[in-house]
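Several structures are given next for inspection.
In the two assemblies presented below, chain A is common to both, partnered first by chain B and then by chain C.
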Partner chain A sequence: MADKDAGAAVPAAVSAGDDDGPQVEGVPEPTYEWMGLSNEWGVRVKPGEHGLRLGDLNVGIYGEVPEEWNDHTRRPRGALPRPGIPPLPYNLRRKHEMWADCAADLYEEAIQRRWIPATEVPWGSLEPLPEEVERAICQICTEFCQYANTELEIITYWQGQMSYGYFEVKQFLATATFDCARHIEAFRKRALANGGGLGIEQRGSVNRMILESRGGWTESVTYLYLLRGTYTMALYRMLLNAAHNDAERFIFSHCIEDHARHLTYGYDHLKYAVTHHVGQDRILQTLLAIGESIMGTELKEGTMGSAMAVLLGGGIEGGRTIGMETYLHGVGDFVRDYLALGEWIGVPREENLNPMLKKYLVY
Partner chain B sequence: MARFPSEAWFKEVQEVYNSDSSLHTGGGGACETTAAFKVGDECYRIVFEGHQCLEIRSASEAELASPETDFIIEMAPELWKAMVENIQEHGAAHDDQTLNSIDLRQDDSIAYSPEDDQARQDLFYRFNQNFQDFFDASSRVETTFD
Partner chain C sequence: MSEAPVREQEHELDTSWMDQMGEWGIKAKPGKRGLTLAEIQIGEYGELPETTDNMTGRPRGATPRPEAYRVGAYGVRNLSEIWLENATFLYEEALQRQWSSATDIPWHTIEPLPDDIEEAECLLCTFFNEVEFVAGDVPARWIAKTSPDFFEARHVLIAQVMDEARHMDVFRKRALANGGGLMRMSGATSGFIGSIDLARDFTEMSTRLHISGEGAVLTMFRMGELMGQNDAEKRMYRLCAQDEARHVAFGVMHLRFLCEHAPERRPEIECYLDEAEAQIMAGLQNPAGTQAETSEALAILLGGGKAHYDEGHKMLLVIRRRQLKEYMKRVQSAGFGERFENGRSSIPEQYAAAY
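Up next is the complex of A and B:
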């Protein structure tokens, strides 16, 4: 038995040979009124061929995903509500405001496919590059850090407002924020690991547009994933194609895979919102008309284009010719993908596409 | 010596891929998908589970179009041949012969979902390096062409 005087909060040891059974001293008598309080008891979910996945748990009442979740508390979906819990500001409480059917699967995928920049990127493969090229990749990494911290900040801004009725989405977005943190880490390390350093901060009008999209998470997704995200994917793919060493190949190939998960969620959510909320397609048309203009201006005036051209052209000289041509072709691919995605989501933009984006279709 | 494209060739690649865990690192983790390759008129169905290629076999066009197929990679035979030759020469896809770089050069993506399901078409990007690793394993398969 423990010495009672040693501190009342410390549980006493159990006497193994006690005839009355295990006893604990120094703590209050347990209460049992919570036992037996369950909406559904006796659930026994079995692991499937891919293990016990989040989506597998959607059985019985636990699988009922309501169109509207009016509970303002942190109650897990399926648990019994407790009267008297003060409400919290969960302002996103309707399914169409955040849902994507793929969220649970994407969560599992993100958990399984995480990577470690510190030890898995073959940093030893970095070799000195021509200074113009090193400056270009460092400038690109600087701007990618800003892309990723914008994504991280806007997700976390909304995440706290998403109700627990749609926990699959909250769980997936938690992995997306960690992916963003990992990208910031990897890009910062690449910029500081090969004789260069960070470049100049991007002006960031698209970042600001994303961060100031306060009309709802769907609005943020429109700017973050459909517009900026689709462009970012085009950049990552060009950079993987032009990687100078295994370290860059590793970073960009893994960033593509992470980012593709984010886009899958984003596109799927927008399609869900358009399909399940009357008038959402027209709202997105209006948002995209505004967003295309800001995106077009940034493409024209931003530093990313010239940095990409120098990198793809192997220097300033090549950046004026083949480098810029390659970059512009990549931007053309972005606009074509954007139009195809708009069509698939149910928000066709071809007829009203802003001329500042339309001009890239010739490449 | 196996001929590309043929079921025998793909099965040899599968054996190399499954037997060497160093070929599973590029993708960054488990890969769960059922996909397909179209080489001209020839069709192949591939199933990945975890870090293994569970199945690769000839398939019919109708099978490829079934809802089971997440996405199809389709290229002209000469593009497939150039990619495989490049892998044979360099030990892994080099320069402009990776799946990513070939896709970047085409007007239409080489990967598509037969169901027009964007989430499943995106698997081409989400698992891109697993597929690249699989094809890179073919560098260890003695190959002939038609």
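Up next is the complex of A and C:
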């Protein structure tokens, strides 16, 4: 249907014979009241080496990003307002609540680096794996589907509440949601393509923490990217190193690319929020104290650790030794990255790090 | 690694999950178009519940865990409320047809235009920016409300949000690329009662957004060969039309599914269509509508300047008629064509009068 619709496109419209009505009688007199109504005219942005990018448009008043955007309508930034327009529920209207300087560039990068699981993943490279390993990768894929599902649900919860003064962020988040949909798709396909199936769902402690973060988008970013996201990146890296075939290598390397963009935005936003909003660092300290405890519990009780160990160890036997050790080193890397990022963002956690995370630093 | 400390008891391997997997032994194979979502709708993984009690965000077919948190708060849990038969196709097509406004539009073909034409183009771009805002914000709101058991339909909506972000960006780029700028906002997309924004039911929203709203815009985009003054604009409209056709197809196919699986909702849907039709020509949301100032801009673009306004206006009437005709076809295809024969709809009259 869509094919047909798209295919019909323009030429048919141009030659629509039966749409040729009789001669016009009495064309209404145009008012042209809208002419000349612009805040800034004469703008001529030129494409650069990488084309005409979103960030290139930030010239003159069109590039002025206000600290506070009190317009509750859908007025594009820089367009002239029209009085009398009923407000819409845009609850996030301050720059520090969502901004990251890199958002426009990340948006364009996401578009350039798009990939298609159906046709670009070399599915033909999948070969039967030992039963225990197949079960492990399928369990991991199941949990990754839930990670991505949580990410897209929390983003879309906030996206419609973000005002248009900061459209670059909304644009970038549209790509992030699209990436998450693709990750769900790719992990589900991998689980169902090699003689396995999906596993058991997570209990979902961290998912709940993320989805219940209703104190503002910054709070969600803290849990979604700084805690869960940094851990996910550590897992992706381990899985890329341990990939059994080209299909898995393709999936994990592309998920790393996508996820790196999400994390770049997340970390950059948190730094911006801490730098530009007095007291934000203290709020983040409190949030992280709570979040570390929930994260630590999930690391201890969740199934991801065991599934990773079996996969990295090549089976249950190896999972008890080298597999578990490799995984624990990966978690140690996650905690070290987390501490370094906290320091960079302006929320140092080393002194108050929850013991449930601290213990991984020995690996 | 060899110096790893002795692991605590808690790091011992628990493999109880291995005995709690979903249906096992699934081997989906790539088809002619690769390994699409349709190819993995097999066994229990392809079974769609009429009503779902999945409130934990569990992937369809995975084993439920009794102690999992109910974090979903999903309001859309009935298949008929969201489903469409070709969701997998539309999603895969959206992935295949993504494009980049930065590099796929031949921006170098833009040449300075006469002031009246540049202003008309910029007014239209300002308007389309607002329209694309709605079409991105509103579907996004429904994604987290929909059960992941219906993820194929949800994925199409996510692809739509991505498409709309790109449309918004391409129209902003055009407005700022040729010596013009953004103009005064229309305000036509605000939250009036009965608008796309405020709908509290998915099908109501989809009827307004996909069938009447985006349908009218799709007709406009398809006329891009006439409106466009250069290859950049023509390509911009062509690519947007391609995306928009998918969004409209979602609405039509969803309405068709609802019509077949929840016929008791027909009278309610007819009411939404009544409201949409009352607005389709007179409403400000339609850039070619009778009350919209964008209509003047369109007449200038179609005619080739203010000096040829009358010719442009005549072509605008062709667009209006085409909008109505295409709308009727979509509603017929969705299973509600009777309204055009039994006198309920005013569209046939509007069509006859649109000269």
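Observations on the model:
The definition used in the following text is that the second predicted complex is superposed on the first by the 332 of 363 C-alpha atoms of A that agree within 3 Å, B and C clash if a C-alpha of one lies under 4 Å from a C-alpha of the other, contacts with A are read in each partner's own complex, and residues count from 1 in each chain.
In this section, a contact is a pair of C-beta atoms (placed from the backbone, for glycine too) under 8 Å apart; a residue touches a chain by one contact, two chains touch by 3 or more.
The structure displayed is predicted, hence computed values, not measured ones.
Within the superposed three-chain model, A:Arg113 lies in touch with chain B and out of touch with chain C [touch as defined at top].
Contact with chain C, but none with chain B, is seen for A:Gly195 once the two complexes are overlaid on the shared chain. Contacts of A:Glu351 after superposition: neither chain B nor chain C is touched.
Within the superposed three-chain model, A:His50 lies in touch with chain B and with chain C [touch as defined at top]. By the touch criterion stated above, A:Cys102 is placed in contact with chain B alone, chain C being left untouched. Of the two partners chain B and chain C, more residues of chain A are touched by C. Touching of chain A by both chain B and chain C, each in its own complex, is seen for residues 50, 112, 114.
The residues of chain B lying in touch with chain A in their complex are 25-30, 32, 49, 96, 98, 100-101, 103-104, 116, 118-119, 122, 125-129, 132. Residue ranges on chain A touching chain B, taken from their complex, read 49-50, 101-102, 109, 112-115, 120, 233, 237-238, 240-241, 250, 253-254, 256-257, 260-261, 263-264, 267-268, 271, 330, 333, 341, 344.
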